[in-house]
Amino acid sequence: MSQSDNSSSPGIRIAGVSKVYSGTSRPAVDDVSLDIADGEFITLLGPSGSGKTTMLSMLAGFVSVSGGKIEIDGRDVSRQKPHKRNLGVVFQQYALFPHMTVTKNIAFPLQQRRMSKAQIAAKVGEALKLVHLEEYADRLPSQLSGGQQQRVALARAVVYHPRALLMDEPLGALDRKLRDELQREIARMHRELGMTFIFVTHDQHEALTLSDRIAVFNEGRVEQVGTPSELYERPETLFVAQFLGESTCFRGTVDVSAGVLRCGGFTPRAPRLDARLDGSDGVAVIRPERLELHTDAAAVPAGHNQVRGTVTEIVYVGNHHQVGLRFPDGTSGSAMRLAGRSLPAVPGEEVTVSWDPEHQSIVADPADEPTSGRAAEPLGAPAGT
Amino acid sequence: MSAPTTSAPPPAAVTNGAGLAGRPRRRAAGWFILPATALLLVFFCYPLGNIIWRSFTDPSAGLGNYTKLLDDGVSVTVLTRTLVTALIVGACTLVIAYPYAYAMTRVTPRTRNLMTVVVLLPFWTSMMARNFAWYMLEQRGGLIDDAFSAIGIGGVVLLGSVAGVAVAMVQVMLPFAVLPLYSGMEGIDKRLLDAATSLGAPRWRAFARVYLPLSLPAVLSGFTLVFILTLGFYVTPALLGSPQQSLVPQLIATRVTDLLDFGGAGALGTVLLAITLLALFVVSRFANLSSTTEKAVTNE
Amino acid sequence: MSESALKPGVRAGRDGGLGWGLKIVVGLIGLLLIAPTAVVIPMSFSSGTTFQFPPEGWSLRWYESFFTSERWMRSLLTSVQIGLLVAVTATVLGVAVAFGLNRAGFRGRGAIRSLMLAPLIVPSIVVAVAIYGVFLKWQLNGTALGYVVAHTVMALPFVVTVMSTSLAGYDRTLDTAAATLGATAWTTFFRITVPLVAPGVLSGFVFAFVMSLDEVVIALFLQTPDIQTLPVQMYNSITLEIDPTIAAASSLMVVATSIVLLMPQFVRRKRSTS
């Protein structure tokens, strides 16, 4: 049905969508545009209150759109009732019908589609197999564990082959081990079903592990859209840099002609500077695994930016050591050393810190941010992708 | 959430009172219940037992009072009328209370507070004032009569009829239905409706297949509560009804005050009590009535 | 967590929560709940001697009649006196029971709990006749003691339930915490427990008072020409010598009970804002 003219390209298209709840002035979602390709696994990532869940609710049709439109396969569905959109939704607290057995829950959407009894039985069986819950068919939701309930919810949401599967923090209520297990399950389902998955989470690990692409939400807007590695390696805003993973942030003034960032005590070189940033405040963002520590300044590789810093603490995190640093301009930072490699210093000692300018990102410094660098997450930064 | 949902707490609850300094005070706490228990035994249980006893012994031992109920040509009619009235009042009250309670679960906390006050004020404000108000409204030339005359239907005088009693009772009983319904509905995850619509059910079908069945226990306990209370209601029928169309409570009162027939009144009362207990027993198999009653009373 | 969950209720559904149809239905039901009681207020300011509604003219004559009638004033006084005694007795007994049920582990707690609720469940006419029967023998009819005892029986369920709810929400680890901080059992009770359960006690007191003030059925049976409560006087006024003084009495009752009932709400609100 998808004639390949521009307007009816397959996929889900969010075009300039906004949402203002009645009684509030600040939009919950503010002019968001996003094209989601067929079969893609896209994650809406952001802190709570950033608008990602509202965006998902608008996609599902639970919440009306205040501005812009949502298209599915070139058709505007902005005003369509939820039950006509043919999307699957998985809720954080499962939302299984407590008075129906597992089988009846999964059969519910098929009954709405007026399938024959035999067809329903066959499809329910398939779906149960997909989530490995065949022997629980006749249980009530209250007789299942949280992980099992969420699997039933998944089965129920995909059994009718919806156009896309929308998931709202589906793993949020589960403990860590189960979460990892279900993450793998969701990834497998995505591969096997080839369906578009739209996933909402505030957990960066989840987003990085699962997604083809991530859209980072902040205060109702999309800060950046990209593959996990693009977002991690090339954050375009300070928010993205700090929300995804940890980083050391040097603040200064951008000098495009000299190709440097003028910080208080030193001027790190910065290739490929955005001309629009010239003269304004900028932040150099470097990931901990990119920082190298040297006791001997002479050992710094050629072409590296370098600055002296004091080791404030060394924390053992299993597979690596996390080295806390403080720089003369007051910036605090952190570097990472894989376990097994010797540590160059002990807390209190001065070291030379260096990095390849290629691995640093220069982003605009939002004026309202506090001036001291802050680590987005204290422990267990992702190993990059 | 914080309200006690089970009348018989699990064994663990027994030990959680122990705490660090709990043990010595635990036995003392048992004595706390004695005065009230004694009061209820002497001034509630004994009188009840006594009236039941008298129904079998006064004026002579045996089932005379009960066989008389069957033969006197009045009691059976009145009893049937009372049961039918209670069923109708219960059904009407529930039908009216349902959308109100449902709305309470969907509005903002501020509106919900207002709605709760609207329910609770008549619940607590003077029973006599309300009955008097209905007396005024239902009399000849009252507001209801006038309103119906205005649209061309004359002579709608509800005062002195079972219908008039039932109308007033529905209004009086509304809070007893709204509160248990609300507390039951509050426990229903509203996302289930969203889930059902996302799975392809139109709104009304989502409601019928998911919400309605889940709210049935609350409906049942609300209905039972109203039914039971209506059975024993005296003031409204006495003021708004008539001796020609009396209900069981009126009959009981007349037997006691005019005839000093405690045996006959006791027999009627025992029948009423038996029906009440039967209704409670039936509904307790489906819903936890004591917790809904508690919630209704305390508005939790 | 719930912050980011797909929110139903206010947020989701069709956004604003209620559709127009439901809003109108809810408004009508609200009117049905409030209006019948509210009509007594304009009625009480009528200048006529009949219950014509709306009244043809306005006056305060029925309030004057109420406050100058010896019989109305005496019944009001009787009701308030009995109500206060009932409130004190029922609160003391009910609070003790609630503590006992909450803190003690003995067999038969379920039975005691049911016993405490029973006066609510047993048809009120049956309770009234039963009490009337034994009070005749014990000569408690028409005595203040009789009224107080009977009303306390009826008020206990309210106090016990309100207090049980309040205690169920009470975190016992606070006691343990106080103990580890060096407080004796008594200090803990007075410095920690009492302030935390005080709102529940206050609500119980108010409920018991209002319940007694409002009770008619038992009071009708216990009445003698010498001692009648206000509701009984109202009842007699309707059945015997109907004149709009009862409208004034009703209005006063409605306004007074509303104020008394809303009081704990305000106290609670003050607490939470201070």
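Each chain carries a letter (A, B and C) given by its place in the written order, and its residues are counted from 1.
The definition used in the following text is that a contact is a pair of C-beta atoms (placed from the backbone, for glycine too) under 8 Å apart; a residue touches a chain by one contact, two chains touch by 3 or more.
Since we're looking at a predicted model, the values are computed, not measured.
For this structure, the chains sharing the highest number of C-beta contacts are B-C. For chain B, the chain whose average C-alpha position is most distant is A. Remark: chain A and chain C have CA centroids separated by 55 Å (rounded to whole angstrom). Remark: chain A and chain B have CA centroids separated by 54 Å (rounded to whole angstrom). Centre-to-centre separation between chain B and chain C, using Cα means, comes to 16 Å.
Of all residues in chain B, those that touch two or more other chains are 189, 191, 194.
Residue positions 5-6, 8, 12-13 of chain C are each in touch with at least two other chains.
Residues of chain A found to touch two or more other chains are 60, 62, 89, 91, 93.
Remark: chain B residues 189, 191-192, 194-203, 205-206, 209-210, 213-214 touch chain A in the complex.
Only residues 60-62, 81-83, 85-89, 91, 93, 95-99, 108-109, 112-113, 156-157, 160, 166 of chain A touch chain B when the two sit together in their complex. Chain B meets chain C in the complex at residues 2-4, 7-9, 14-22, 25-27, 29-33, 35-37, 39-40, 43-48, 50-51, 54, 96-97, 99-100, 102-103, 105-108, 115, 117-122, 124-137, 139, 141-143, 168, 171, 174-175, 189-191, 193-194, 228-229, 231-235, 239, 248-249, 252-253, 256-257, 262, 265-266, 269, 272-273, 276, 280, 290, 293-294, 297-298, 300. Against chain B, the residues of chain C that register as touching in their complex are 5-6, 8-10, 12-13, 17-18, 22-23, 25-26, 29-30, 32-34, 36-37, 39-40, 43, 51-53, 93-94, 96-97, 99-106, 109-110, 112-134, 149-150, 152-153, 156-158, 160-162, 164-165, 168-169, 172-173, 175-176, 179-180, 185, 188, 203, 207, 210, 213-214, 216-217, 220-221, 230-231, 234-235, 238-239, 246-247, 250-251, 253-254, 257-258, 261-262.
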